[in-house]
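In the two complexes that follow, chain A is the common piece, with chain B as its partner first and chain C second.
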Partner chain A sequence: MPGYLADLRAPGALELAFVRSPFAHALIGKISGPAVTATELGVGDLRLGGHGVAPWPWPALARGEARFVGEAVAVVWAETRAEAEDLAESVEVEFEPLEPEAPRRLFERTIDAGAVDVCFQRAEHVLERTFSCARQTPLPLETRGVLAHFEAGRLTLWSSTQIPHILRRGVAQALELEETAIRVLVPEVGGGFGLKAHVFPEELVAAQLARRLGRPVRWIEDRRENLLASVHAHDNEVLMRAAFGADGRVLAVEADLRCDVGAYSVYPFSASLEPATAASAIFAAYDLQGLRVSARAVTSHRCPVGAYRGVGTNTAVYATERMLDLIAGHLGLDPLEVRRRNALRHLPCTTLGGRELDSGDYLELLRRVESVSGYEALRREQAEARRQGKLFGIGLALFNEHSGTGQSEYRSRGIEEVSGLDACRVRVTAEGRIVIHTSSVEIGQNHAPAYRRLTERMLGLEPGRVDIHEGDTDVCPPGTGAFVSRGAVGVLDAIAGALRLAGKQDLAPGTDVTCSIDPKQVFPSGAHLAVVEVDAVTFVPRLKRYLAVEDCGNVIDQRTVSEQIRGGVAMGAGKVLLEESAYGEDGQPLAATLLDYLVPVAADIPRIEIEHLVSPSPISAQGSKGVGEAGTIGAFGAVANAVADAVAPLGAELLELPYGPQRIFAAIQLATTSKQKKGRRLGG
Partner chain B sequence: MKSSPFDYHRPESLAEALSLFAEWGEEARALAGGQSLVPMLAMRLARPAVVVDLARIPELRGVARTAGGWRIGTMTREVELERVAGLPPIIAAAISHIGHFQIRTQGTVGGSLVHLDPAGEWPALSMLLEATLELASSRGSRRLSAREFALAPMLAALEPDELLVAVELPDCGGPFGFEEVERRPGDFALVGAACHGASVVAFGTGRVPQRLTGCEAHMAAGGGSGLELRKLAEDEMEAHGDIHASAAYRRQVGARLVERVVGAAAAA
Partner chain C sequence: MNVEISLAVNGREWAGEVEPRLTLADLLRDHLALTGTHLGCEHGVCGACTVLLDGQAARSCLTLAVQADGRQVTTVEGLSEDLLPRELFQCGFCRSGFVCSAEALLRREPLPRAVELPELLAGNICRCTGYEPILDALSARLPG
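And then the complex of A and B:
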């Protein structure tokens, strides 16, 4: 392997640095100094969107106006990055600050299914709350990076990306090149988490400059750029109303989602990603008689919002699970019991939100959580802790998520730029080695051993004859890449299909077959439990215990599944307890370093217990489902509920993520003041 | 995140260092442990023409027992201090809150004192224990009290040609309290408080570590820890708000910490 992008040897490569906007919204006047601007660069826009998505592309370099702090306005280059930064600093840009623009609506999705109004009229209880999911960022350990080289009419683009073929398509479009004139290569990738599933302005600029200058061009993002100007996640507000009976059965739910997608629509997902995903994930594991959702994407003068491990499902599960706990609290019922009464019982089924759930046993998930956690004893422990004045909380989440999204689903959402296909090419070399090329890419999920074992098993091979080569558009078959947990769905199906074709040719040297699959979404599920203690004086929450009962269908590799869950839970816990890409009123970012953008460290995460339940998918060839995002999604519900449960005896209600000490303090203050006011009213 | 260009010097004696500062004045910055200066250089928040690395100057290192207490060389790294036998427990307790092991391996006592982060443990400790700071320049040397030294956040009372050479702490054994609120283990304190003898300090709240004189008077008059003390602390504590905590949080939680540290110092 060549190592990570920054390890690639590139003799004679020029290093880029970007001149970035210090203003949230400003007119760009005269630019003086050694910089190339948008007009001089000559890069077209990335065209986005089919039906339903308003075109609002992120330009390679800002033209006329800058729309968020950190937006690239011009580019400079030098022999070293340090010199390039000196040059960038010497560039003078005449900015004329502007008032913020009114939000533009880029996308809207509505769901109106079942007898919503009747349910609300009939229901004994209605609760309404606004939940908000903070703006956050995926924060891969390795930042973005690109190395471009144009030679003999052909562009070679090394990129730390999750989407080599989509990147090739985007670059071809913006640079007006044939796709065949571009080779995208992916070195080792130090984490993506969705962030690297986009085509970025900096990639287009690097490619175009390599073409214009005739020299290799390299850009390695620094952490500040990564925090300010890559993509952010979430920033959603959910106004939710639930109609329910005295028995805790939820009849219908209404939700209004406002997704702040930042300054531009990202390529290839567009601004529809958060609202479209979140809308269908609301109450998706529960049996409803009515669901009405309106979800929209609106712009702001902040960093564009893109994909992130779990995307909109995080917001939906967070709001759903918090609402269920509020219902339980309202009725004096146990939260586990409320979930049992509402969980979907008969799978497969189609939810009111349109999810075609393929398999699962949600009651069994809850039973396992109950028995493995020792739920009753845990509640007794909680009662004892509360008697001692401790703020001790237990939180639950029950959820499903979509994995392996295919072509038809993307088309129906108006996304034309994601093929949705997964593909595998199998070659047999003259020496009889089996070479597997997939349309996916290794970004740290360690799928190669699983693909190798499947190959050995299907072909009855002794170990040591199979090579996995991914991340090279010249030799790998075109497809979607590595996101939306598709590795154990479409990619695995494609491998199995290609192996069958190769088997038909008796693995003769020279065999070269390709299988391409349009996968159908399959739905892993899980039930998670978290225990949190909030310090009664400082209000700092600490995660004490975590149990994840996961069901991703047939398990291909137990260790990989467990570690995906663990990593995901750690990320989700960080998102609930710590992380916020905060902005000031003036659009200035307030968390521009890792001193202010807090991510969990080892000491923040307890040992994560994992229990596997297996409901094989009847759809995917191996009966497996994706598992990359389940940990994060579950933690959004379970950790949030655990913190909220810890402070519930004080009358405090937490609605706004992240649940850090300040938010907890403020919620307790609010509860105390309103209690005092009530007391005074009664007294007077 | 590459620093703007600077010249780098690594003098081998104090005299050599002082002559560099005499020559360059405000254009020079001293590099101690680099835990704050290096990130500030990388973000170009600091852009000195000259960086003077103090790592090779033997007279700036080491801990010595003196007649009335302890003398700690400015370049003594926190891990070195942790290993000193007989170190007063209050110093060990304060050090344990400084970042992580990796940070304490590089971080120096003098670096923290001069950087004067409002949440820094060394500025707080120096104010609490009424430390004396020993400054030197090619013109001579002088001594300042911690209070005189801490002018404002990130601003020490150092002349452009001066260097902090050592800090002197009085004997500070005996009972104490030292508490911080950290969002993650090792983070800068949202608010902190410490008590030793008749002194109480709050830090991470205002511009510089603040001696809570009202609380101290209350204790001197025989008052103990409790609601009254908490109220006093809340009233006199300077506090600012930021994205991690509001001023109200810092004041109220800080006052609870004051109650705790005073209780600990009295009880032990």
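And then the complex of A and C:
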């Protein structure tokens, strides 16, 4: 392994620095200094916009107008990064600030299934709330980076990316090169979490300059750029109405989602990512008679929104689970009981939102949560803590999520640029070693042991004969890359398929076979429980305990699964308690350093208890399902509900993430003033 | 304007001219090719760039190379592989910082107690693991 991107030896490489817009919206006037602008760069647009998606691509460098703070306006280079940054400082740009533009609608998904109106007419109760999911960012510890070299008519692009083949395709489009004239190589990647599953303007610029300058060109992002101008996530508002009976059974749900996708549509996913995934995830683990959802992607003068561990499912599960707790509170029922009464009972089935759930046992998930957590005793502990004046909360979440998205689902969402295929090539060397190349890439999920074990098992090999080699478009078969937990679904299936082909050739040296799979989505599920204590003076919430009962079908590698869940929970807990890419009224970002964008540290995360339930998928060949997002998604529901439950005795109702001390304080203030008003009204 | 400095890095002497603004991190990574020390924020928060300066944990992104003049620097390359093995991590980008922070803690007298670890390591961000494997591995070496 050559190390991470910034560790690569690149003799003679020029280092890039970008001149970025300090305004949320401005006309770009004269640029003086040694900088290259959009016109001089001459890079084309990335192709975006299939069925239902308005194309609104993010240009390599801003053309005429800058549309968010941090947008790259021009580029400079020098022998060292420090000198390049000095140069960038010296460039003067005449900006003429503009008023914000009215939001453009780039995508809309609607669902209207079952007897929604009848249910609302008949229901004994209706509850309506607006939940908001803060704008956040994935924040891998390693920032973005790219190293480009153009030699003998061929472009070699090292990138810290989750999507080598899609990057190759995007760069080929924008630079008008043949895909075969580009080789993408992926070094060690210091975390991705979806952020590195895009083709970024800086990659196009580096590639084009390498071609023009005839020297290697490198760009290493700094953290400020990462916080302002990579991709953000969420920034969704959900107006939700639920119709339910006195027994807590939810009959129908209506939801209106507004997803602020920022200044541009990202490549390859487009602006449809959050609304499309969120829409189908609303109440997806529960039995409804009616569901009506409208989910829109609209632009703003903020950083573009892209992929992030769990994408829209986080918002949907957050709103769904909060609503269920509000229903339980409204009726004086236990939240676990309300979930039991509403959980889907007969799987496989197709939800009203169109999810074709392949397997699972949601009641058993809830039973496990109940028994493993010692739920009754925990509620007694809570009662006792409350008597002592402590703000002690218990939160639950039941959910499913999609993994291994294939071609047809992407096409139906208007996403043309993601092939949706996963592929594996198996080679047998002259020495009889088995080399596995996949279309995926290692980004810290540590999938090699699972691939190796599967190979050894299927071929009946002794350990030590299998090599895994990924992240090189010259030798790996084309496919989708590493996101939406494809590894445990399509990639494993492709490996199995390729191994079967290789087996047919008796693993003779020289064997070279490839198998490509179009996976069908499979749906892992989980029930999580969180315990939170909110400090009664400072209102700082602390996560005290966390239990994840997980069902990701057949488990190929126990350790990897647990690691994914644990890391995912920590991330989701951060999203609920701390993280926010906030903007001021004027479109200026308020979180430009890690002192303003807070992420969980060791003291914030308790030991995560993990329990496994196994409902093999009848769809994926190994019976397995993806697990990379489950921890995060579950925490969006469970941790949020736990904080809300902690402060519920004060009459406070939390609706806006993150649930930090300020929001908690504001909610308590609101509850106190409205109680006083009511008191006054009664008295007077 | 360059300044002449000399320091010992992982026990080996290094002397040379550096720009006054050069950070210790950039000296290590760009001039000495010790790329095991990583940069996660370059503004002193994430802890990825932690090294030992005369045995104490220091953020090499906030330390200037000239401040290390005449001192002993230890980086992840100079510490045992077994202290916090690679398998404990996922992407591994945070590892070098944790290794150096952990080494600094293990050199303390008296040793900190295992229960204090989450607070003591709160200056190192890991985005992948949820911290548990790292804390467990280190707790095993400390009094309870």
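By definition in this document, the second predicted complex is superposed on the first by the 684 of 684 C-alpha atoms of A that agree within 3 Å, B and C clash if a C-alpha of one lies under 4 Å from a C-alpha of the other, contacts with A are read in each partner's own complex, and residues count from 1 in each chain.
In this section, contacts are C-beta pairs under 8 Å (C-beta built on N, C-alpha and C of every residue); 3 or more make two chains touch, one makes a residue touch a chain.
This one's a predicted model, so the numbers in the text were calculated from it and none came from an experiment.
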First (chain B), second (chain C), both or neither touched by A:L670: neither
Partner chain(s) touched by A:L595 [first = chain B, second = chain C, both, neither]: both
Which of chain B and chain C A:R223 touches, first, second, both or neither: both
Most chain A residues touched (candidates chain B, chain C): C
Chain B versus chain C as contact partner of A:A82, first or second or both or neither: both
Touched partner set for A:L578, first chain B, second chain C, both or neither: first
Touching partner for A:V475 - first (chain B), second (chain C), both, neither: neither
Which superposed partner A:R607 touches (first chain B, second chain C, both, neither): second
Contacts of A:V537 with chain B and chain C, given as first, second, both or neither: first
Touched partner set for A:G567, first chain B, second chain C, both or neither: second
Chain B and chain C contact sites that coincide on chain A, given as residue numbers: 82, 222-223, 593, 595, 601, 603
Interfacial residue positions of chain B with respect to chain A in the complex: 1-5, 39, 43-44, 181-188, 190, 242-246, 248-249, 252-253, 256-257, 260
Interfacial residue positions of chain C with respect to chain A in the complex: 19, 21-22, 26, 29-30, 33, 35, 38-43, 45-46, 48, 89-94, 117-119, 121-135
Complex contact set, residues of chain A against chain B: 81-82, 85-86, 89, 222-224, 537-540, 578, 580, 582, 590-591, 593, 595-596, 598, 600-601, 603-604, 660-662, 665-666, 669
Residue ranges of chain A in contact with chain C within the complex: 3-4, 6-7, 9, 80, 82, 139-143, 188-191, 193, 222-223, 443-446, 563, 566-567, 569-571, 593-595, 599, 601-603, 605, 607-608
